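Both complexes shown next keep chain A, but they swap its partner, so chain B is in the first and chain C is in the second.
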Partner chain A sequence: MSIDQTTLPIVDVNHLTTTFATPRGPLTAVNDVSLTIQRGRSLGVVGESGSGKTVLSRSIIGLLPTFNVSQTGTAMVNGHQVIGVSNKQLREMWGSEVAMVFQDPMTALTPTKRVGEQIAESLRINLKMSRKDAKARAVELLRQVGIPSPERRAKAYPNQLSGGMRQRVMIAIAIACGPKFLVADEPTTGLDVTVQAQVLDLIGELRRESDLTLILVTHDLGVVATRTDDVAVMYAGRIVEQAPTKELFANVAMPYTKGLLDSTPRIDAPSHTRLTSIDGRPPDLVNPPKGCAFAPRCTMATEKCHEERPPLVASTLSANHLFACWYPLGGHAPATTPSEQQ
Partner chain B sequence: MTDTLSKVVHTNPNKASKAMRKRERFGVTFWIATSFVGIVVFVALFCQWLPIQDPNAQNVLAPMNLPSWHHLFGTDDLGRDTFARVVYGARVSVIVSFGTMAIGLLIGGSLGMIAAYRGGTTDLVINSAMIVGISYPSFIAVLIILGMWQPVSMVKMILILGIFSIPLVFILIRGATMSYASREFVMAARALGATNRRILVKEILPNVTPAAMTVFLLGIANIVVIEGSLSFLGKGIAVPTASWGNMLNEGAGQFSGFYTGFQQYELAFFPAITIFVYLVSLFIIGDKLRARYDVGAGRL
Partner chain C sequence: MTTPLLSVKDLVVTYGRKRSAVQAVAGISFEVFEGETLGLVGESGCGKSTTGRAILQLEAITSGSVTFDGTDLTTLDREAMRQKRSELQMLFQDPISSLNPRRKISQIVAEPLAIWNRGDQASREQVVNDILLEVGIDPALAGDRYPREFSGGQCQRISIARSLVANPKLLVCDEMVSALDVSVQAQIINLLTDLKQKHNLTLLFIAHDLAVVKNVSDRVAVMYLGKMCEIGPSDLLYEKPLHPYTEALLSAALVPDPNVELNHTVLQGEPPSPLNPPSGCRFRTRCPKAQDRCAAEVPELRELAPGHQVACHFPNTTTYVTLQSSEH
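Showing the complex of A and B:
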């Protein structure tokens, strides 16, 4: 059993679909997503705003609103079934085995509690530590995430800390109970570039120290370029391209991914290179288009793109490189046997 | 010069915020209001043991006296000491209003938090029931029930007003909770493995407390007035017991009497002014507390 646990992928998601009941009708925020992550690896999830990155990463660990949501498909995380089980069962893995760093620490930290107490809370819930031990450990954790004079900071309220420190506090809370799997949802939004790098470096260090599996959500391809093993690109609730990071950057298949890349500042680009952003707006997820969801904005779209949705298939160039496009760039072509991810 | 500069630069955030807190301090009005309410509550609870005249002792020789050293607020038509009656009247008003709001907040408040947090069907069912509960003339219902359940005692009054206050408290607290129930920090607490009960008590309750405080104080002010109105309509606490409400009631009856000048108004004047100051104090306290404790959360 224990041998199985370590050789099986820590995250195994199959045909996961998450739908919200909205006043306008069902909104499919995550649509038929399948992916696996091996223990200790890291996956970057990128995509435009509203593409479903947050909902996907939360669906994987079962952390969704308690009402107006329906899910189909399966997700296994560290040996736990996630879809269709009660909150009570999920609580056993939340906090202890799986943890999350939230997009905006100002809203994800409780405004009325000192940060030390908020860290201690996790320890008290999951490790049943005494109040005193938990407090001492909280200070230790603050030191570990690089907060100067942690004894004093432990007594501060969230609004008394800088953005970067708040995000470090969030990370301290997330790693408090030694999780195996960490979901970091845009952990650096709203931070300036140097602080951004520091926070990401911190996550990287913690990962190496404790063999943590990581999902790093971001809308910035530049962030994942150097920090994650694999990248999944999302559009309109689906994964539209997925590959090992190096491979993706070396040879993009999707015009959408290329669009994202062109709108990402690159250090190696000549300084006069203009940044472009993709024209048009993402589709309405309540009434998604019939064919390829990106077709209305794609400069290469044909009749076929508007009529028929391309499946996610492996490339002839590399079995690890998946894409969903009728007219891929860079010499990619669908391998004859479509990937099981289809 | 450099010295002050370095001080400015190196002040730690804790100290800075302490200074800020000082500026946000309550001010004199708040403390005057609090002292007044404190005194009212104190005498209401302990009047039996205070050196105050018997509020029901009649003195036929001294009816309708003007205020004097012996009778601070004068006497009424039966020669009873008005000051003593105002003090004992506070007892009814304070206990009834606090008791009522305690029931209202305990039941209506808890239901409001649970409904807003759970959402979905739970919310739909409780909320619909409460909307029904609030959309008929409850004051008239209270009048009818009290009319059938004579003589009215404090306990009966608290029970009935308490139950009738539940829907309104529910709606206010549900609204306040709503804005927190979907906040990220609730999700974050779930992600830590916190149970629903823990989230309600430890994450949401502290944030809803300022709103609950305001509801509590405004509710108290309301109940004092309602108790007065009920007394005025003859459905309040049975007559020989003094309450601010029935004192107003009796005082109003004197307006058409044959006394002249100040004496004519004296009976209603002191209870009325006391109620007024009490209510204004409660509003001031409620307002200052909200201003003080809502800032942190309100900024989000």
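Showing the complex of A and C:
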């Protein structure tokens, strides 16, 4: 009689809003976000600093501080409700079903514990392994994430490893208990390009081997383009465009997404190609603008954009291409308000 | 050929002493010509930042020479170097921490003028206002504010204003856009390009981002573990890299286009410790083409085509020959 879990989306977020209480007033970091992720897919979440991409990914797995945070909406992950649930309940899911790879492995790892022990810890807690078995499995996991001489490295402290190695250790901890869903928050930011390629390849391999679902949070459009199935572009706490990766890059609808692409220097463009920058900077989320949040920086904005916020709608060209814009690019029909749709 | 504005010869910078001595820069030579932008790329720990700092004599140089505008800076005494320094300025990665948090913006930008005793109070004010306007900061609104009130991009604009106020000839930019979001990064890159033209600047642009370096540079130099691998004109070097390391770096760089095939020659492992660098060619431990000769003999930087130099025993010349013949 139970619903077959495998056909349901592994992540189902509805009207999720996360607000932080700040001395200046409430700051809505994630504003009315809805999204679903099917099993085995990878979703790239892109945006600039402060766009809410990290808060969104952490909200989805319930990994937020308990003070000064209020949340509305729902988020279901692998059949568990995440919003408004105690940490004790979330702990049943953390580690064994969902796991996270943090941006800065130096601060995310315990500096005073050997990395082998840190991996073994979650095995002993979640899988109730014996000390000895957990230790052996930790070495095995280090080998799996491509760390040379894992027996020796298991005894190392985080500060004795390079940045790339530390990120591999983080990934080993994340996959230790066989999670179904992985959130990677800027996993390669701060790593050199050759090491970045190694780490992204590793995540790709793990996904193929164990059918992992992935949220990849990044500011790097190159990472998104080459490593994800779907993309969500965030701006000022909202998803402003979402589509399968190939569809998005082939037919951008939002002027903001276009602006991001045009301001990114490309290795395949000739030297001294003039970049088109986006003037200004993102709005203050304590006092967000009334209409479209991007309107103050948008070259195509009209009075309507400043007055009325466009809803996230499906394109008439492709049903799984969503955007929030009154004047979309690429031949998409403009967003319509619910009253106009009737 | 014009004479170079900056000429670095056999530069060696060593940190630490005796057994813990690290040659962060292990004998590199290059030139920067007047009015050009030379990009310096490489992974963390390759010595690119040390090189930049050594040019400004901010690091003690073990051996080698840095000739700027006809003067060997390594021979100057403290005072003479201090006098010279107004002609060489540096821009840093973290714009907020490189501005004094207790000073107002107008004071920060005016400070070089006070140090060099240029002009009187009124003319200084005028110069500061002009330069702030040029970098896109309104002096009337911003002058009396403090760095913490500005975003990273704005602080980088203020840093640029401060560096330009003394009329330098050479700017050393060390990862100056790496901490910024792409939209702001593009603003700063465009600003720098415009100011370079207007003020007739020469730039040494140090960064790890290959796409950014290609965009701003006329020529690009690639470093690995304290050594120079390759120097060449930007477009040519990116299209036809001669050094296997340059090739690997370029193949690992990502293009924001899902239709571009990922076929990176993934380099195995990570750079070896500079405490104990490999003999011969320093890249040989990770190089797919390494042979016995690479371990025995240090490859010297040699010119394979006009302006395109490489330090490799087995450079990727085949593509180069076909490229040249196809041009005829």
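Just so it is clear, the second predicted complex is superposed on the first by the 318 of 342 C-alpha atoms of A that agree within 3 Å, B and C clash if a C-alpha of one lies under 4 Å from a C-alpha of the other, contacts with A are read in each partner's own complex, and residues count from 1 in each chain.
Keep in mind that, in the parts below, contacts are C-beta pairs under 8 Å (C-beta built on N, C-alpha and C of every residue); 3 or more make two chains touch, one makes a residue touch a chain.
Model, not experiment: these values are computed from the prediction.
Touch criterion not met for A:G291: it reaches neither chain B nor chain C. In the superposed model, A:M100 makes contact with chain B only, not with chain C.
Look at A:P283: by the touch rule set out above, it reaches neither chain B nor chain C.
Of the two partner chains placed by the overlay, only chain B lies in contact with A:K155; chain C stays clear of it.
In the superposition on chain A, A:A197 makes contact with chain C only, not with chain B. When the shared chain is aligned, no partner comes close enough to touch A:P328: not chain B, not chain C. Looking at the shared chain after the overlay, A:I125 reaches chain B, while chain C stays out of its contact range.
Contacts of A:G237 after superposition: neither chain B nor chain C is touched. The touching residues of chain A, counted against chain C in their complex, run 48-49, 148, 162-165, 192-198, 201, 219-226, 245-246, 249, 259-279, 281. By the touch criterion stated above, chain B contacts chain A in their complex at residues 12-14, 17, 118-121, 182-185, 187-196, 198, 202-203, 206-207, 296-297, 299-300.
Those residues of chain A whose C-beta lies close enough to touch chain B in the complex are 61, 63, 65-68, 87, 91-92, 94-96, 98-100, 102-104, 106-113, 121-122, 125-126, 152, 155-157, 159-161, 170, 173. By the touch rule above, chain C contacts chain A in their complex via residues 43-44, 151, 153, 181-187, 189-190, 193, 208-212, 214-218, 234-235, 238, 248-250, 252-260, 262, 264, 266-267, 269-270.
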